[in-house]
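Input: one structure, supplied below.
Labels A, B, C and D are assigned to the chains in the order they are written; within every chain, residues are numbered from 1.
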Amino acid sequence: MNLEQIKEKVKNFKVEVPSWGFGRSGTRFHAFHILGEARDVYEKMDDAALVNKVTDAVSAVAIHIPWDKVDDYKALKEYTENKGLKIGAVNPNYFEDEDYLYGSLSNSNIKIRRKAIEQTFECIEIMRQTDSKVLSMWIPDGSNYPGQIDFKHSFELLENSLKQITNELDNDMTMLLEYKFFEPAFYSTLLCDWGTSYMLSKALEEKVKVLVDLGHHPQGTNIEYIVSLMSFKRKLGGFHFNSRKYADDDLTVGSLNPYELFLIFVELNKYFDLSLENQEISLVLDQSHNIKPKIPAVVQSLNNLQITYAKSLVVDYEQLRQAQDEQDVIKAEEILKSAYETDVRGILRELRKEKGLPEDPINNLLQREEYKRIIKERI
Amino acid sequence: MNLEQIKEKVKNFKVEVPSWGFGRSGTRFHAFHILGEARDVYEKMDDAALVNKVTDAVSAVAIHIPWDKVDDYKALKEYTENKGLKIGAVNPNYFEDEDYLYGSLSNSNIKIRRKAIEQTFECIEIMRQTDSKVLSMWIPDGSNYPGQIDFKHSFELLENSLKQITNELDNDMTMLLEYKFFEPAFYSTLLCDWGTSYMLSKALEEKVKVLVDLGHHPQGTNIEYIVSLMSFKRKLGGFHFNSRKYADDDLTVGSLNPYELFLIFVELNKYFDLSLENQEISLVLDQSHNIKPKIPAVVQSLNNLQITYAKSLVVDYEQLRQAQDEQDVIKAEEILKSAYETDVRGILRELRKEKGLPEDPINNLLQREEYKRIIKERI
Amino acid sequence: MNLEQIKEKVKNFKVEVPSWGFGRSGTRFHAFHILGEARDVYEKMDDAALVNKVTDAVSAVAIHIPWDKVDDYKALKEYTENKGLKIGAVNPNYFEDEDYLYGSLSNSNIKIRRKAIEQTFECIEIMRQTDSKVLSMWIPDGSNYPGQIDFKHSFELLENSLKQITNELDNDMTMLLEYKFFEPAFYSTLLCDWGTSYMLSKALEEKVKVLVDLGHHPQGTNIEYIVSLMSFKRKLGGFHFNSRKYADDDLTVGSLNPYELFLIFVELNKYFDLSLENQEISLVLDQSHNIKPKIPAVVQSLNNLQITYAKSLVVDYEQLRQAQDEQDVIKAEEILKSAYETDVRGILRELRKEKGLPEDPINNLLQREEYKRIIKERI
Amino acid sequence: MNLEQIKEKVKNFKVEVPSWGFGRSGTRFHAFHILGEARDVYEKMDDAALVNKVTDAVSAVAIHIPWDKVDDYKALKEYTENKGLKIGAVNPNYFEDEDYLYGSLSNSNIKIRRKAIEQTFECIEIMRQTDSKVLSMWIPDGSNYPGQIDFKHSFELLENSLKQITNELDNDMTMLLEYKFFEPAFYSTLLCDWGTSYMLSKALEEKVKVLVDLGHHPQGTNIEYIVSLMSFKRKLGGFHFNSRKYADDDLTVGSLNPYELFLIFVELNKYFDLSLENQEISLVLDQSHNIKPKIPAVVQSLNNLQITYAKSLVVDYEQLRQAQDEQDVIKAEEILKSAYETDVRGILRELRKEKGLPEDPINNLLQREEYKRIIKERI
């Protein structure tokens, strides 16, 4: 692929931003007030639009229910579209309702299970009204102590609840099953690894797929291998992009171990064209910026993703395959390294110029009156 | 040691309970309402007294400032003593004030650093008024992203702040320096391991010692070795007892890997008599019971500690040393195993009978009118 | 279950011992000479028989090809049976042949792949001759560096090789697919987690099942949950018992975190009767005793397993389920704890007496003339 | 620093290569034969010289005793110097002698302890004869099972042995104390973290310092923080460069998580000028190339280090400090990122041209007659 082709690809590469990335977030110890935090879903849409104005790299805004609940979803949709955006994945919340103390979709109490199912049906209805096609499910159910739950019983209850939910989905809707190693459950988690999500996605309908969140694995896990496996088994549904050093730290994507992120994109390019408007997989940021100002942090994240995607396109995949066939370990590695060492920021500057975008989107944002006004107004 | 001697030791074995263990706590996702949560420091003292009533195993109540701030500390002391307890370690909070967004005692802004120091002085004053002898410091300062802080600069600022604080301590006071691998900082933590706490404790006065929290280590860490090292280097200051499977999960002590807890007690017995009224080291529970009812969970924790301490006393330390000298790996291991496999619950039942305590403290608690009243009243 | 019933179950509980557990083993730094190491497969059978003589807890001897290659397998079978034992799982070796530098069953070189398949066919033939029913496959294929292999290509080659092998299996034979997080491959491993083994076991025939080695998981993994999942999905094929603190340390089973081992047995009891002569699942020791004398280490391992199995039978499973249905976290946990705290060594002593076995098998072994002779002769 | 200055620094940046990096190595499962392996210490020196011929980046050759034992060290020194190199750190081996089964310098058997000390004295004598100034100690002593050793006793024995050794050192010699989380000991390791090495280095003379091996930490450890701490406490003695994904994988430095390596160099530049001929710290490769051809792998490693060092020099340290003082997290991070994203390969090509070196040292090596001859001859 020549530089022109890479530029074209990166030009069309877009990612969903999460509404919750613009609001307050924190650790269990404290959620600090950060300048410029959005206070409702409309401000979140404003912020996403502002991010898009300086990057043109936002495909949609993922929403979280009930955090983004409104009376009139058609109005929310219209508001969003007037800002040049659309509503992306709908994320039901199974961790905040007091009833979910001992689980949601797998709760052994049928009333609570029923409530969790109904709440998901409501999300599907919101999808219909907002024209969202992706139901993105993170189910934190599990246990904190040995003995607390019977694994088989809980798993079967979860499977049964999910069956009811998939039945409710329209034909053009996809359900993504996110997994996570631990937290908030600290002894067992029903969907704790790709294997559990995959197993359920096979047992359910074809429209159920696996979502990979980059921070949800045990230390050392080869994530790019999981991505590849799920891709060629046609079960990769999408990503939650972020970064971590320890547990599920939810840091800026690409801020730690950017080479790992690059290797993930290298695998993705083998199975998907990420520059297509209607990507087969869902690419969503999912970060918790506890100390960074939110809007610049999202711009920085998109910039990191663009850099990484561009580098992954520099890889000579044919040569790579040839080196692999020759079992030449050093040569194969150097082909990847050579792409990774390439400074692609020139490509980004150029395509931004062509699009009429600022070359340095972070600094441009910080100097915009619009941004300064937000900082002042939201206190 | 014969059974009678073990019984006597366990009879006198007491542990501090944390005031915060009776109030609400949770994860970053949610803090669920749990039946019977204490709503202020007086209720916490009531709960600690109730725990002590069914266990006679509480040495004192550790408090947390500002959570347990009151106008009149003499009155709080009196209230506590009237309940048959005393006030234990005082724990300053460096993670909740909005000013501490970028650090407290190591903040590069001198005003904020000064504030953190002053706040600690206030805690020392509270110690004086409540007759507490232990200042228990957990300093979460660190950074979330590469480049955010200069390690040397931050470390020196921290060291300097601590110097000022130790100067303020009375002669009979001890400062404990807790360390933690990560969280809430997700890239670097100034006091991230025993080495950092030890290094500072050496640079500061003799009254500064190292506190070991069982959940604050990287996976696989041999904690009993650290405990032994700090003990014979005369720098072990105390413990925060809890349990974990993944990160700093703050589960009930002994609920996961109880053998590790046993091995820690085996080391402690080599250097300390934990049954003395004035233990040289501070033993404090530090758990976050997000789903268990708080008061029974504390009773359960004390029971786990008593079982483990009793087992550790069953070890034949002379035989152990002999097997070690003979380099007989299996024999040495079997000596530990033999003690560990002993069912010491009979000893506990007996000593409880002798003390006029219920043999099954958890169930006794649950059936007490006093407890039922608490459950009803606090909603 | 009353004590008598527990005793009967433990009486009939038997485990396979590995022939390689009696020979030399070590780390990559050195394999130390240990007193009494077996020097060929016949000595290994002698040792297994000696272990069985003092424990009556050995069901069979697992063998490893080519380490245990002989000219006449019928003779080996006869030799083993004359010792009162039989031959258990056959384990092909895919990590030692110089041709497997870049992989065995997934090698992109068809000649080497073919060689690995043929070698496995040979193992199946050995199974026929020794009346073994279990082909236990650990396939270390993977890569050390990014780019070295194409994940999809390698996985498909592996799948294809396994298909050829399963076709060759007799109807009453089972193939077990072991997985391992890492080592000897240090970047990617094709069968790196239960999900990969499970996925292949589903794609292949029903006779392919998943083998769980206790040391092959990332730190923190809830192994008992995986065991439960595989059990109720009817894909659990068996175990390699050992223990670890860090990586795949291959220490004595039960020597670290014995509570975790207990929790695994608690799950197993829900799905299997481990005391049956023809267990549905394969239970095999797989340890690398680098510093312990081999034969006593195996006796110690069996003793640890008997203790753990006995404790797991003490659990009141009905009460446990009831506490789970009531969502009483503390009660459910205490039911497990109560069983775990029980000293079952009395049960073991009794059943050994009834069987005419020594009450303390380790010490009995050490004092036997037979054992002393082995120590003297094998230098 | 401008490009010219960076080029000058990188030009003078040199690293020790380990003699053992050219010989056979492997995992505990197998040590594969790799084309072109050196068979004795003279061939290792030849290989190091060849590496230097295509890179001019080798400062010295670290040797390992007894692997590199010769009758005449003066002759070895002369041979090495005739190749344009010198002998670097001397590494005593405490893991291979059969007597060290239960430890070397901490063995409770005084005869074995004495042997280990004498062996180290011998290494110091070799240092004198080869003009080496660095004694690089990795002491694997520890235990595999609870109870095996008494921690205090073993630690004190180790400390005492080290005292005797430091007394024997000449005034211009330095002793480096390497630490390692685990392996080959699987339960406890006496020097398991920087804290243990630091503690001993403080207790011993000033000439004892801490050596950081990049693969010897628990997962998630912030190594750059340790490097910084040890540097400003004047206790950093040197590095063993390599890379890892799981445990102590000993892969090519920079092959995984190159950003972490960059962050380490960023810290080093704050305290040291790594381009000086007589660096204050010892920089040594320590890798185990189990599947890569050895000589090209060393060339690749040096290239990775040069790239990383060059990038770390691009950082604007003044701006960085200013952003830190302003507590501008994103700006500080972007300053690092901006340097990291720079393609410095042009600088390398240029300085190689200036030095008359091949621009692509790996491919140049592979095509050299000298290298082809080595491949052919050594079978």
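What we mean here is this: contacts are C-beta pairs under 8 Å (C-beta built on N, C-alpha and C of every residue); 3 or more make two chains touch, one makes a residue touch a chain.
Bear in mind that the values here come from a model prediction, so they are computed numbers and not experimental data.
Across A-C and A-D, the chain pair carrying more C-beta contacts is A-C.
Taking the options A-D, A-B or B-D in turn, the interface that duplicates B-C in more than half of its contact pairs by residue number is A-D. Rounded to a whole number, the gap between the C-alpha centres of subunit A and subunit D is 40 angstrom. Counting partner chains per residue, subunit D has residues 102, 144-146, 181-182, 187, 219-220, 222, 245-246, 252, 255-256, 291-292, 329, 333 touching two or more of them. If the chains shown are joined wherever they touch, the resulting network links each chain directly to all the rest.
Within the complex formed with subunit C, the residues of subunit D that make contact are 26-30, 32-34, 95-96, 98, 101-102, 140, 144-146, 181-184, 186-187, 219, 244-247, 249, 251-252, 255-256, 290-292. Looking at the complex, you find that subunit A touches subunit D at residues 219-220, 222, 245-246, 252, 255-260, 291-293, 296-297, 300, 307, 329-330, 333-334, 340-345, 362.
Taken in their complex, subunit A has these residues touching subunit C: 102, 108-109, 143-153, 155, 181-182, 187-189, 192-196, 198-199, 202, 218-222, 224-225, 228-229, 231-233, 263, 267, 270, 320-321, 323-325, 327, 329, 332-333, 335-336.
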